[in-house]
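Below, each structure is written out as structure tokens.
Two complexes are shown next, each including chain A; its partner changes from chain B in the first to chain C in the second.
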Partner chain A sequence: MSALFAASVGALPLQLAELFTFDALSSVLFDALSKAAVYAMLAMGLTLIFGLMGVLNFAHGSLTMLGAYLGGLVMVVLVTGATGPWTRLAFFFVGLVVVFGLLSALGATLEVGLIRPLYDRPPIYQILLTFGITLVIDELVRIVVLFYGLQPITEWQEALGTKPYFLGQQLVLGPVSVGGMDLFEMLLGAATVAAVWAFLTRTRYGLVVRAGSEDAEMTEALGIDVRRVFTTVFALGVGLAGVAGMLLMWDNNWGASVPLATETLLPAFVVVIIGGLGTFRGTVVAAVIVGFADALAQWLFVNSVVDFPPLPQLTVFLILVVMLVIRPQGLFGRAEVGGH
Partner chain B sequence: MSSSDAPADDTSGVDTTTETDGETDSGAGTPADPLLAVEGVHSYYGESHILEGVSLDVNEGEVVALIGRNGVGKTTTLRSILQLTPPREGHVHYRGEDLVGLGTNEVAQRGVGWIPEDRRVFSALTVEENVRISVPKGGDVDAAVARVYETFPALEERRNAEAGALSGGQQQMLAIARGLVGENDLLLIDEPSEGLAPQIVADVADAIADASREATVLLVEQNLPLALDLADRFYVLDNGQVVATGDTDDVSADDDDLRGYLTA
Partner chain C sequence: MTETEATTEESWLVRYGREHVPHLLVIAFLALYPGLYTLAVGLSLPAPLGWVPDLLYAVLPRVDTMIVVLYFGLFAMSFDFVSGYTGYLSFGHAVFFGTGAYTVVLAANGLLPFVPSGTPFLLLLVLAGLLAVALAFAIGAVSFRLSGVYFAMITLGVSQVVYVFVRDWDYVGPNPKDGISVSFDLHPGAFEIGVPFVDALGLGIGKLTGDTLAIAGLELSTVEVSYYCIGLVVLVCYFAMQRVIHSPFGKVMLAIRENEERARAVGYDTYRYKLVAFAVSAFFAAVAGGLFAGYSRAVSPDETFFFLVTGDALLVSIIGGFGTLAGPLFGTWFDELLREFLSKEGTGGGLLPFLQEYLPQSVLDAVILNGMTVGEAVDTFLNGHASLYLGLLFVLFVLFVPNGLLGTVRERAGGRVSKRVAARLRSRGGTETARGTASEDD
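Right, the complex of A and B next:
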């Protein structure tokens, strides 16, 4: 192993030179952008909730996983072998609306019923509560999935099979070729970021959310019911987690499974911390940085230098550690955010 | 300046008082139904007893100053009126309605505006966004913004700048503008001159004087000449209690007794 590693490192300069070929660069670029889109979608809801309410929602990954299963359920019910690829795509967007609606309703219920009574307690209460919600959701999903004869720890293949064939292919766009699913993730990610950005900057409610994220007390003193805004934003954040889950349900690298909860929570937290807790702009920038670091590390450590899949993940966490040392508040973070 | 054991023939123009719960001596010319009546309010931070039975009245159209040294409970009085620090005892009547038990947003919706001590403009929002968010739901936002720029031309020049990038004086102007567009009948203004250069203080004073033509004002201010210049009446707060009150026409800023309440 060490000899293999030494040989690989010795060949590093040559392999790095390979990166600067058109094919390698375009491959890394598209991989990076699709990863960035996924990371942004995973982290958006988390950062909105923390930014306004100061609540670290440890159940975010489980809600993403729930969205993946609910989305998969919608697709499995609607799609048959005879369903055409474009109809499947249309059904996906129907499912997206359904999942967003259901998860938002769940989010509103959780905020009003469980989280609101704890606002005046120390943050550890909210952390423990959301961690408890994670355990409950994970176990409930595991029981339901097992009841229907599915394996909870492996991807739901039937749901993956509802994907239109062209999303599983390499698409040739002029001189470059890009994976269909990668392109879909980029487009959906960009559309979601644009929609949330427009909501935050072009609507009065978005203005209230941004003001409340900075100073909830002052916002309240302007006659705005910040508690109601909390409920709306928690619902929106959970709905976005569901949307991300539905997207990942179609991705071969993720898929609907119970472990998806943990697999998505960690990168979501990494992105939110690097961007600066609670800042939407920081989250989007951090998602791009982490996406590029991940894609580059993947190219180096899986495709080129040495085949050791855990190393790309290590790179992402290394960025997190460096950020925490040199700029603990993150790229765009403030000393304090949120509050009630 | 007299203290609570002042002689009966004191002619300083200051009525000394140790007001207790529900007993208010609001000075000369008080109509029967004040716009705001704070009655025997006791407020706490945790277990610290900050206000010990504060009572005061503010009549419609008046500017009333609340003065006293640091830490005597002036800001807490404003926070208690707004229900940001809800009183544990006592009442806050506004237009005859008791505000105790309402949410802060509900108090604000009734027309009580707050211009806080440290401005508290939304630093990540632009100047214009700060104004827009302060217009009540259903209000004419564009007209309100135009009015603010007419009153404070300096803000129009920085309309797209983040409020956090403004100077202290400009932030204070923005905070006052925010209170004005809120269509408030009562403005609670906390230490508006704090940390500002003398020339800027003069501008702020003009802005408050303009604001007082549209709304009743309860002004917390340690700058005694400014407070007396702007206000019709004053209350002196000490150790969480109203200890003196009077008409500003009857006192001067170099009144030793009055100044005594402002120095440690």
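Right, the complex of A and C next:
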């Protein structure tokens, strides 16, 4: 027994030592950064909405899924077999604008029509309502997808096929090589984070949003129509969910499918809670942490240091539980946040 | 009820019976349901009304489905017990349902240490409940430090950890993702509900393995026997929870929901109350899970530990009445009724077979739009998509009927239904007491 134990402990560092080679480290690093970018994009909209309005948007995952399908639709319509890779990339950004626009409009409608009547009720009712929206959106998408003869459970292959060829390849940049899609995710994620960050800190409207998060009543007293800000931010958050969905539509690990709704909702929650509900900075930091933990666990499993298949997924949730035990309000959270 | 009771000459039994008239009516209805169902479906009416039995067949849930209503209703009640009464949304409640279900199956397969495969089912249910209580204390100790949205999220997170873990844990069976079933080699007999260790005083449940029964000229099928046995357990659990809610402990739970700070200021250690309420509800959730496993003999992570299972409980609680104990049961009934009515296979009757029988083929083949016929439209938009309509209904309930079905009835009646009916009966019975204090509310 003790010999066995010693043997397994002795073997472990050997395998672990492989981690500290340049190739392994760089691959884990890039994997982690691309995952972090995806997590950040998934969680950003959620945190903006919660930070300002104290509404935990349970429909966020479904809206991401909707974005994935809409984005896929735009791509499938625009792209033909003859379309060149750079044109495809350009179409992607066209699609991004379309998806952002459509989902923002949907978000604004939802906020005005359904969520606004609930601000006076206990916060639980907003969870309930958005949960109901989830049920409706998921089932509607399933009906539409089935109607057009697509398989709702598996990824939408046709949309995956619109990806330019170089995003599916390993790109060699000097001494390191990085997956094209990983790099694209990192760049787009960084750009989105930067854009939202700039919006929040460099524009007048961003100032109003931050003020509203700080103290909605006081902001209103200063003559700002906070209700309208709520609608704008909800639209913005939903639009960001759609943008994230459009990105995942090209990702082999996710792809457009109906279960994408729950698959993205839960990690988004985890990231937002670890960062502290409603703090933008916390969400970005948490996304990086979760991305690294996920990538590391993935590496440990793939290289059979640990023989436990659910490890990567479990890690994400375990960080959540540990975080909640140590610091329940999250990294940058205040205990009283969202107490409208 | 502080008014002078003019009914002292009545025996307590009469008074007790009167206060439980709605209970008795519901129980009687449920007890007669299998018979009523057979009767309604088999009815043959004269020509102008000939469609009635077929419609009933299409709409009414089968007895098989009613069993789901019973055990899932119990789960929904246990969810509502903590969420509706203390106001803490337990979004990870599925973890207790799963604990119960997996305890039963693992124990029957001899995979649970110290628990032999032949352990009586009722003892397994209690064991499952106790395991869930232990788990609830562990989860609650952490999560009750926070409130509102955070509490919902922590419980959700913990339940997801367990879900992912169980889904890939090959100890439970060769293919944990698809679930596990009770092995017929290790546990050939049915799970019995009755007096433990006395075979003659127990009845097996399960569609294939259960017992049949013939009493007083009535032949009860395995499904019907299972229905009554499971119904009995659910009934006991319901009254146990109802007892807790109407005890001083239950009043503190309500106080926590209404104003926790004030409850604390009055001197209640709310943390401890919340923890115990959570544990009690976990116990019954696990019993519900155990009943599910005992009846179906197979469980999978997706129908036990997954967070959408909690979502279903939430849905039926809102529709039935959040913060009423019996409401979730009615909500589950409605939910299953609609799902069966719009089911894809059309088992147990459904919308499409009914329409096919009663609408002329020309109507079904009529083209609405772009070559889609009425029949195809029904198939595309209605069948198998009950979730959509339930979701819409759910949203409408959240917005406009936040008290749910039973809660609204209670509000209209001006108090708890059982109290109101009792008061009405008493005033009609000629005794001079005024109607019960209408403001009595819980």
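Quick note on the criterion: the second predicted complex is superposed on the first by the 322 of 340 C-alpha atoms of A that agree within 3 Å, B and C clash if a C-alpha of one lies under 4 Å from a C-alpha of the other, contacts with A are read in each partner's own complex, and residues count from 1 in each chain.
Criterion: a contact is a pair of C-beta atoms (placed from the backbone, for glycine too) under 8 Å apart; a residue touches a chain by one contact, two chains touch by 3 or more.
Since this is a predicted model, take the numbers as computed values, not measurements.
Asker: Should chain B and chain C be called a clash or a fit once both complexes are overlaid on chain A?
Answerer: With chain A aligned, chain B clears chain C, so fit.
Asker: Contact-wise, after the overlay, does A:166 reach chain B, chain C, both or neither (first, second, both, neither)?
Answerer: neither
Asker: Have a look at where A:292 lands relative to chain B and chain C in the superposition and call it first, second, both or neither.
Answerer: A:292: touches no partner chain.
Asker: Counting only touches as set out at the top, which of chain B and chain C does A:225 meet: first, second, both, neither?
Answerer: In the superposition, A:225 contacts chain B only.
Asker: Give one of first, second, both or neither to describe whether A:207 is in contact with chain B, with chain C, with both, or with none.
Answerer: First partner only, chain B.
Asker: Check whether A:262 is in contact with chain B, with chain C, with both or with neither, and answer first, second, both or neither.
Answerer: A:262 sits against chain C, while chain B stays out of touch.
Asker: Between chain C and chain B, which one touches more residues of chain A when both complexes sit on the common chain A?
Answerer: C
Asker: Once superposed, minimum distance in angstrom between C-alpha atoms of chain B and those of chain C?
Answerer: Value for chain B versus chain C, nearest C-alpha atoms: 13 Å.
Asker: Counting contacts the way the document defines them, which residues of chain A are shared by the two interfaces, the one with chain B and the one with chain C?
Answerer: none
Asker: Show me the residue ranges of chain B that touch chain A in the complex, using the header's touch definition.
Answerer: Chain B reaches chain A through residues 82, 84, 103-105, 108-109, 113-114, 116, 120, 122-125, 129, 132-134, 136-137, 178, 182.
Asker: Okay, in this complex, where on chain A does chain B touch?
Answerer: 204, 207-208, 210-211, 214-215, 217-227
Asker: Per the contact definition, I'd like the list of chain A residues that touch chain C in the complex.
Answerer: 50, 54, 56, 114, 117-118, 121-125, 127-129, 131-136, 138-140, 142-143, 146-147, 262, 266, 269-270, 273, 277, 308-310, 313-314, 317-318, 320-321, 324-325, 328-329, 338-339
Asker: Note which residues of chain C are touching chain A in the complex, please.
Answerer: For this pair, the touching residues of chain C are 87, 89, 91, 142-143, 145-146, 148-150, 152-154, 156-158, 160-161, 164-165, 167-169, 307-308, 311, 314-315, 318, 380-381, 385, 387-388, 390-392, 394-395, 398-399, 402.
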